[in-house]
């Protein structure tokens, strides 16, 4: 949990993931000695701020995006969104420009957002939700559980993983853009036919807290039924609690797997949260445990 | 026509094309003995549910998508669309889940669709329009003429084709996703510079029944004028009746040719239907004949 | 300036860029003898209507799109847009079909545009704004400064360029489609890690005439901060006047660099115009000079 708390404290909106990337590399180097299999690490400027870990002989890749939503300063105290942050007046935002640290408030309306701060903030400055981590009564609540929990899950998976890619992608919240080069690298290095998207989804009228990890049958995009059928058969076998999601909207790194020039099946599997894209994202710890168990199981069996 | 009737009876919404794919493979194996040239067949899990046929030395590829629009069951009797099906209250839908066969009715509104059925249907179940084929007075009317007729055209083309790719793609109705890997495979196997999209378009104020196959000068996307000029010159030479379409909306597999990392020209050529994406799609048999003749001519001359 | 005036007189809407392409090739062949480095030229049908120039050992590529917005004739005197032209009733449009030259007026409304001409114009005919070039008081005003000035900048850059790609792309105004194959060719021929987009942006509440070339920190898409930081440090060093743009909307060839399967950083740098996508686009000549100077500086230093 110390890992998760530190990770939740790091800011890294889409396009500015280097801080998270550097921290993750440090964690990997510190911990990989105790992992069952020592992965080959691919990172650095050739991969921008993304990181790939290759364990053994991969059949499947797990993708966890390391960027978050946020805000960018425009002109005249205006803010424009990075990804799709929830507008809640008065939300505390933090950041930094060349004049120093910033702690300000979100003002205006959803269509015309402003910051409330005593001085002008430099153009292009990135602001994020002020972090406030709350763990109690079987829940974790904080900003950016999406997708810090997805990263945490991928990292926990590394402990016992024998064969597979674990990939930390960037830019997911703002339309994507790292997946195409990551997939090309994977397919030219140790190709796979299956991908799991380690990300956080939504509490809805069909998805509830404490009912297990969510396996998504579709969001805006639709995985191939043949692959879903295999995943579901294994999920049943596993006895790990899970729920089935069917959505018309939303997307993930799975979208870019789907539209890549490779015949790779994909499926989104992750815990659900409410208060999505706000400072108060809330996830059941039991669902998070089910997510971790399901990934360990599927990466062995798929 | 027996081929077409059987094909119209098969369900295969985007993401669940395996039934159609398996049936097509069987038809190809049965009939290819009588074709002028014996194609090389590429299919199976490496191609998901798509199929490629290579005849001789290809200069041009023909793409016909094998998926259809439909519906997916969500929660609480809700349905969400796959592709863009027309909402008509009371339309009969069919499908199957683990509890058995389903025949139900479409209810609700365009923005909040439901099924009307005595029991709950399992999450993720795919439903399609109940089929009702009507042939009379020079027309064929049925669900899913888009794109069963495009498949039929591509299949008829195979009989006398000497050089070219005939490709059965998937996922077209729901944003695409097989074209990128199909195009990559084609360009790495026997590359082409030209693509024809064998698909069905719309009756509009400028496109009428019985006026010939439609050659589309644009939909949402715009083919290159130099290629269109060559296609039109050949179409004139052919004496086969055709009409010119100019639309601001709509897309096809041509979109993915356009955005692929290959310099391949493309053009959409197909008969027009009215009652688009409903159970009552209607196409002139003379226009279908013109489509078949035009493909045979162009694949020789282009 | 004679170069620019001739270029502004050439019509070339997205999909029909061959006239501009042929003229550019002629200019390149005439002038390259006086350039510091003689580039390798890639053009012709394998590249559709795009052109690539390779100078020395490239680290960075400059992209300038050669297409413009315009209109296409549909049915019953209707026009549909190519790209996003501004609707201004009475605007003079010119073009040509098999019956001869056309000079007509734009009529109707933004959602239902028509042409006003004594005879029917053939389906698919492309129309463009009638050109009217005005140079005075430190400004240039004309149709299609976007992106004839971007081409002009790229062409001026060629005079002293030692290392780099200069690329003339197509289809940018209408969703793109040449960048994927251009980037693939570049990466397989002389790969780069950096791209500059030589294009024209907008005067807004934060961007003014005569304040220097615009360096865009984001439009709808967001370049990587690490790369922006390097560009800005060099821009400061250069002492060339520049302004910082932060926009929520708009796109450029940079979008396709971002979503390509290559880890290439990109940044949009160009002068700003008002009366965007109208016949009266207006750019400060001082800003254009700053653009030319900035490209020369950055292509040396990046």
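Per-chain residue numbering starts at 1, and chain names A, B and C are given in the order in which the chains are listed.
Assume a contact is a pair of C-beta atoms (placed from the backbone, for glycine too) under 8 Å apart; a residue touches a chain by one contact, two chains touch by 3 or more.
Just so it is clear, the structure is predicted and the values come from calculations on it, not from any experiment.
Two copies of one sequence, chain A and chain C, touch each other mainly through non-matching residues, since under half of the numbers at the interface are common to both.
Annotation, chain B versus chain C: rotation angle of 120 degrees from the Cα superposition, expressed as a multiple of 5. Here the CA centre of chain A is 36 Å from the CA centre of chain C.
Under the contact definition stated at the top, the residues of chain C that touch 2 or more other chains are 260-261. Note for the complex: chain C touches chain B at residues 14-16, 18, 45-49, 72-76, 80-82, 123-124, 126, 171, 174-178, 180-181, 183-184, 260-261. If you check the complex, the residues on chain C that touch chain A are 193, 204-206, 217-218, 220-226, 228, 244, 246-248, 258-263, 265.
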